[in-house]
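Common to both upcoming complexes is chain A, partnered first by chain B, then by chain C.
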Partner chain A sequence: MERPVLSMRQVLLAAAGVAALGIASGQAFAAEPFLVGALNPVSGAGSPYGSGMQKAIAMAADEINADGGACGRQIQVVSEDTQTSPDAAVLAVKKLIDVNKVQVVMGTWSSGVTLAVMPITTAAGLPEMNTSGAPAISTEDKADLVWRFQATNGRFGQAFAKIAKERGFKRPATMAYNNASGLGNTEGFAKAWKEDGGKVVASVVYEPKQASYRSELQQILAANPDVVVMGSYLPDTTIILREWYQSGQNPDLKWIIPGWAANEKLVEALGPDVTQGVIAVDSISNENAPSYAHFAEAYKKATGQPAGSNVYAAMTYDMMVLWGLAMQADCSKLTPEAINGRIRGVDSASGDKVFTFAEGKKALEAGKAINYQGASSQLAFDQYGDVTPDFSLSVVEKGEIVRKSVVTIGK
Partner chain B sequence: MGFSLFANLAFNGLITGLVVSLLALSITLVFGIARFPNAAAGDVATVGAFAGLLGPLAGGGTLWIILCGMAAGALLSVAFYFLLFRPLAGKSAVSSLIASIGMAFFVRAALTFFLGHDQRVYPLPIVRAMPVGPLRVQPTDIEIVVAAVLALAAVFSILHLTPIGKRMRAVADNAELARVSGIRANRVLVAMWLIAGLLAGLSGTLLGVKTVVSPEMGWDLLMPAFAATILGTIGNPVGAVLGGVLIGLAQELSTPFVGFTYKLGVGFLVLLVTLLIRPQGLFAKNSLVR
Partner chain C sequence: MLSYLLAVAVVALIYSLMTLALNLQFGFTGLINFGVVGFFAIGAYTSALLSQAGLPLELTLPCAALAAGLAAWPVALLSLRLRIEYFAIVMLGYAETIRLVISQEEWLTGGVRGLPGIASLSVGLGIPGDPTLVAFALALACVVGAVLVSRRLVHSPFGRMIQAIRDDEDAVRALGKSPGRFKVAVFVVSCLFVGLSGGLYAHYITYLAPDQFGALLTFYIWVAMILGGAGSVGGALVGSAILLGFIEGSRFLHDLLPGVSAVEMSSVRLGVIGLSMMLLMRFRPQGLLGGKAGCG
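Showing the complex of A and B:
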C-alpha cells in the first residue's frame, strides 16, 4: 500500500492554521461580529415557510453588513431548525445560547414552539422574536423580552368587528372552536363590537371533532342573526357551512371566517353555491409600504419565490432590521437587555418614518427619532410587544376568493 | 325550549349515535368472539373512509362510496387477523390489545405519510333538507338510519340463522369445546373479522359523508364507540347499537342545560352511572355470549 502524501493529522493542522489566520486577519479589520440566532421551522409542519424565513433573516443581515454593520459590528447569523417541534426547538435554542453564544433569538413560528423556547431565552436574558398567534405568549412574557410580529387572535376579532360594522351587519352571532385561538377570535370580536355599542345575539362554543354541529347551529339560527363570526378551523367550518346550507334555514345568512379556515380548500369542498358571499379575513404584509417593495424584490432575487407566498418571511426580515436599528440607536450599550429596551424607541409613533435599515441608520446618526415601518406590518408594538398588522377582506364570489379591501385597525 | 327544539336535538342525537353504534357493533363482535378490545377498529374505519374516495371511479353515488369503503375495511381487517391476531390468539388479551393499538398508530401514520393531513370530501351534491313535521331530515340521515338497520339485521341473521353464525357463537362461548366438537376456529374467525371490517368501513364512510375525510377521523370515533359497546354490554350487538343511540341522545338533549362544550362529558357520565348501577351493562340478559 502506498503511503498517503499527507497524513490526516497534517491536513487537520494545516486547516486549523489557515482558519486561525483567517480569524486573526478578520479581527484586525472589524470588531467582533454580533451573533444572532435564527430559529426557524425548516422541517415539520412549518416547512413550507421555514427556509424562506431563515433566508429573510440572512437577507436583512446582509443589508445591515453591506451598510457597514450596526454600530460598526457585522451581524453573523447562526441558523437552527425547530423541526416545528417544541422538543427539538428546546435543544436547538440551548445550543444557540450555550454553544454559539447568540445574543438574540428570532423566527420561531408555531405557538407551541414559541411557548417552549420563551422561558429559556428569558432565563438567559435574551430577547425572543416570533410569528405565533396564541394569546398566552403576551401574558407569559413578564420581562418584556418577547416580540410578536404576527396578528394575535384578539386582533383578528377586532378586524372582524370593523368589517361587520362597515358591511352594515346589525345582528351578529359567534361560533368558536373550543381552544385559545378560536375563543380569542370571537371574544376579540365581541369585545370590540360591544365597545362600539353593538349586541351579539347568540354565541356558541363548540367541541372539535364531532360528527355533526346541527344542534350548535340550531341555537345560532334560532336567534336569527344576519352574520355569524367564526373562530374556527377548516374541517369544522366545512361541516358547519354544509349543515347550515342543507338545513335551508336563514339562506341569506353571511359568514365572517378567518383566512386559515375560509380558503380555496373550503370552496373546493363545498362548491360555489354554499360558499357564495362568505367573507374571509386574513392578516397580510404591509403591502403598500416601500419597505415591502424593497423586501419583495430582494426576496424574489434570493429565493426565486414571490414574497406573497410566505407572509412569515417578511416578519422575520423585519425582526432583523428592527434589531439592527435598535443596536444603532445607542452604540455605547450593546448588551441584549439594552438593545431590547430600545426596540420601542425605533418604532416610536412620533418618529420619522423609515423603511430600510440604511435610511434608519442615517436618520439615527443625524440624531432623529425614527419609526421603522416594516415589510410585514407598521409594527407599532403595544404594551405586550404585539404588532398591529393590516388585514385583507376577501369575498367568495362564484367559487373565487376575491380580495375586496385592506382593513386597518386602530393602534 | 319548545317541543320542536327537543325533537330536533333528539333526531341529531339519534343520527350521531347510529354512526357511532356501527363502529361499536364491529368492536362488540371482536370483543365477544376474539375476546379483546380492538383499538384498531377506528383506523380501519378511517381506511374505509379513504377508500370511499375511490367510489366515484367505480360508479359514483353514495352507494359506491359505501361499497368501496366496506370492501377496504374488510380486506384490512382480515389482513390484521392473519398478520397479527391469529399468531397472538394463544396469548393474553392484553397482547392483542397492545398489538391493535400499535396497528392503529401504524395505519394512521401511513395514511398521513402518503396522503397528508389535508381534509377530503366525497363529491356528492349538497342538497337541502326536507321538513318532516318539526324535523329537518337530510338524505344522509335516511341513508344512515337505513344502513344501521340493515347492518344490525344482517349481523343478527348471520349470528342466529346461519351455520357459520352458530359456530361463531360456539367459539365465543367456549373455544376449547368448539374445537373438540370439530369447529374450525380459523374459518369462524376469518368470517368474524370480515364482518367486523365491513361494519367499520361502513361507519367510516357514513361519517365521511356527514363530515370530512381525514386521517384522525376514526381514532376520534373510537372512544364513543367503546363507550357504546360497554354501555350496551360487551358482546351484545343490539346492545352496542342501543348504547350508541343512548349516548347520542343523552349528549344532544343535555345541551340546553349544560351547553355544548360539556356534552361529551354527559355521554361519559351516562356510561359511568350505568356501570355503577349495572356493571354488566344494560343488556346483559340476552347477551351474545356467557
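Showing the complex of A and C:
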C-alpha cells in the first residue's frame, strides 16, 4: 500500500511549524533588526494621547527604515500598554525587556509610571525616554539613562509666573488638583512668583472627582485675587469656571490654565461668555522648525488628526529619531549604553542643525557634528537629561482660542 | 522569558498573600472585607518609610505586618457591633480614608507625588543576584508561611469555631460561645498577611503613590478568591495565579491578532479577561478548588 506523500493538513502544520520557528529565532536572520520598546498609555488616564504617541514612534521608525535603517539595521518597534498604572507598567516593561529583548524603552507618559519603570530599565542598562513632569525623575536618574522630552511641572510654573507678571497681575491665587502634576504647576508658579518679590493671596488644593468645588472656590474668591493660576484638568476646570460664573462674584477675575485643561472642549462645554479672557498656557512644539512641518504632515496622514491635538506625539517621534541618529553616530558600537552615551553628541549646540533622520544621517556620514532640532522642541538636554521647550500664551476671545505670544523661560 | 514569568509570579504571590487573608476572613469566617487595599497600603507605606529612615528590611517587613494588624484591631472591634453588610461598607470607607490620609499627609508620605527610590528587596536585604529572583524567593517563602499558618488555623478547634460562626452565628451563641473574640482574632491575624504583602510590594515596585491603592485592587483580590474557591486555602493560590494569568496572558493576544490596533487591543484585553472569568464562573460557580458554594 502506498501512503499519500503529505496531506494538506500536514503541509499546513509543517508550514506553521516553520513559521513559528522563524518567529522564535527571528534574530538569527541576517541584518537583524534593532528592537525598540514603545511603552505608552494606550488605556487609562493617558488614553487620549497614548495611541498617537505609539503611532508617532512607529512613524519615525518607518522613516528610519525607509532611509536604509540606522547603521543598516532596520528598527522594529514592539509596543505595550502601561494602562497609565505603575503596577501594569512594571510587568509590561519586564515583558518588553525579557521576552521581546528590546534595547531601549520610550514613551512613558505619567510620572508615576516613569518612576516605577526607571529602576527596571536602569538595572537592565537600558535608556528610558518619557514625557513626564515630576521633578523627582531628574534626581532619581543617577546613571544618566533617563531622558525627558517634556517640560517639568516646575518650568510650567515658571512660565505661568512670567505671563502673570507681563500681564500686570498683582494678586494671584492658585488652585491645584491634588496630584503631582497639579501641585507641581502651582508650586512652581508660587516659587517663581515669590522669588520675584510677589505674594500669593490664597492657595487651595482640591480633591479630584467632586461634583462641586464651591467651597474651595469661595476660599479663593474671598481673598479677592485678580487672577487664579490653575494646576487642573478638564473636568474639574469646567465645574470650577461654571460655578464662578454662576456665583456672579469677582466678574473681572482672570484665569491662567494649562493647555491640557483650557482647550476647545472647555470652550465648547461652557460657551464663549464664561470662557472669555481665559489665558491658556501650553508647552508648544517646535512649530517654526522644518522638522515640525515634516512631522505634522506625516502625523496627519497616519492618524487623520492634526499634530497640534497631541503634543506628546511629537515628543515620542523625536525620541525615535534622536535614537536613530545616536545609533548612526558610531556604527561600530551599538550597545544600548554606547548609543545612550552619544545622545548629547547628536544634540550638540555646536553641530550643524538637522531636521530629519535622513538629513542627520547624511551629515553624520559626511563626518560632521550634528544638532537635531526636534519637532517637539529644539531638545538641548540639560545635565539632568531634561528639555526646555517654549510655551504658548493663548487667550479665549469670543469662543476662539487665539495664540498671543510665545513665552521662553530661562535655560 | 523566564525573568518576565518570575516578575508576574512575584505579583501573583503578593496577591495570593492577600487572597489567603481574605479567604480566612470571608471564606472561613464570613466577614465581608471590602477594604483589603487599606491594610495593604498601610503595610506598603510602613515598610517603605521605615526603610527610608534607615531601618533594615529584616525589621521593616515584620513592622509592615504589625502595623496592618494594629490598624485592623479597632475595626475588628467594630465588626462585633455591625451586621455583616454594614461592616462591608464601613471597610470600604476605611480603605478610602487611608488612601486620602496618605495623599494629604505630604510631610510623611510624599502625598500625591509619591515615594520614589524605595530600596529593592535584594538591595535592602543585601542578597546578591537577580532582584526578581530574590523577590520571588522571598514572596514564595512568605506565601508558604501564610499557607501553613492558614491550614493550622483552619484545622484547629479555632478553625472549626470560625466556620461555625460563618455558617450560623446564632447557633454558636446558643451553644454558649461568644463569636466576637474569634472574629477579632481572625481579622487581626489575617491583616498581618495583608500588611506583609504590602511591604513586599513596596520593595518590589520601589515606587509608591496613593493612586496605586484604589478600590480596584480590593476587587481583584475578591475575584482571585472567588475564582479559586472561597473557603479553600489552595484555592486562594490558584485564584491569584489565574487572575494574573488572565491579566498578563492577554498581553500576548496582540501577537495573535496582528490586525487589531493598539487602542482596540486594550479594550479587547479587558473584554477577554471579563469573558474568561464569566465562563469560569458559569461552569465552575464554586471556584476551581471550592468545596461548596460561598457563604456569608
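By our rule, the second predicted complex is superposed on the first by the 252 of 411 C-alpha atoms of A that agree within 3 Å, B and C clash if a C-alpha of one lies under 4 Å from a C-alpha of the other, contacts with A are read in each partner's own complex, and residues count from 1 in each chain.
Just so it is clear, contacts are C-beta pairs under 8 Å (C-beta built on N, C-alpha and C of every residue); 3 or more make two chains touch, one makes a residue touch a chain.
Fair warning: this is a prediction, and the values are worked out from it, not measured in the lab.
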Touching partner for A:K94 - first (chain B), second (chain C), both, neither: second
Partner chain in contact with A:N65 - chain B first, chain C second, else both or neither: neither
Chain B versus chain C as contact partner of A:K265, first or second or both or neither: first
Partner chain in contact with A:I239 - chain B first, chain C second, else both or neither: first
Partner chain(s) touched by A:L115 [first = chain B, second = chain C, both, neither]: second
Contacts of A:S247 with chain B and chain C, given as first, second, both or neither: first
First, second, both or neither for A:E207, with chain B first and chain C second: both
Contacts of A:N178 with chain B and chain C, given as first, second, both or neither: both
Doubly contacted chain A residues - partners chain C and chain B: 178, 207
Chain C - residues contacting chain A, complex: 1-4, 7-8, 11, 100, 103-104, 111-114, 116-117, 120, 131-132, 205-207, 209, 211-212, 248, 251, 254, 261-263, 265-267, 269-270
Chain B contact footprint on chain A (complex, rising order): 178, 204-207, 209-212, 214-216, 218-219, 222, 234-235, 238-239, 242, 245-249, 265, 269-271, 273-274
Chain B to chain A touching residues, read off their complex: 5, 8-9, 12, 15-16, 19-20, 118-121, 126-129, 136, 138, 207, 210-212, 214, 216, 220-221, 252, 255, 259-261, 263-264
Chain A to chain C touching residues, read off their complex: 40, 42-43, 47, 50-51, 54, 79-81, 83, 85-87, 90-92, 94-95, 97-99, 111-112, 115-116, 119, 123, 134, 136, 140, 178-180, 182-184, 207
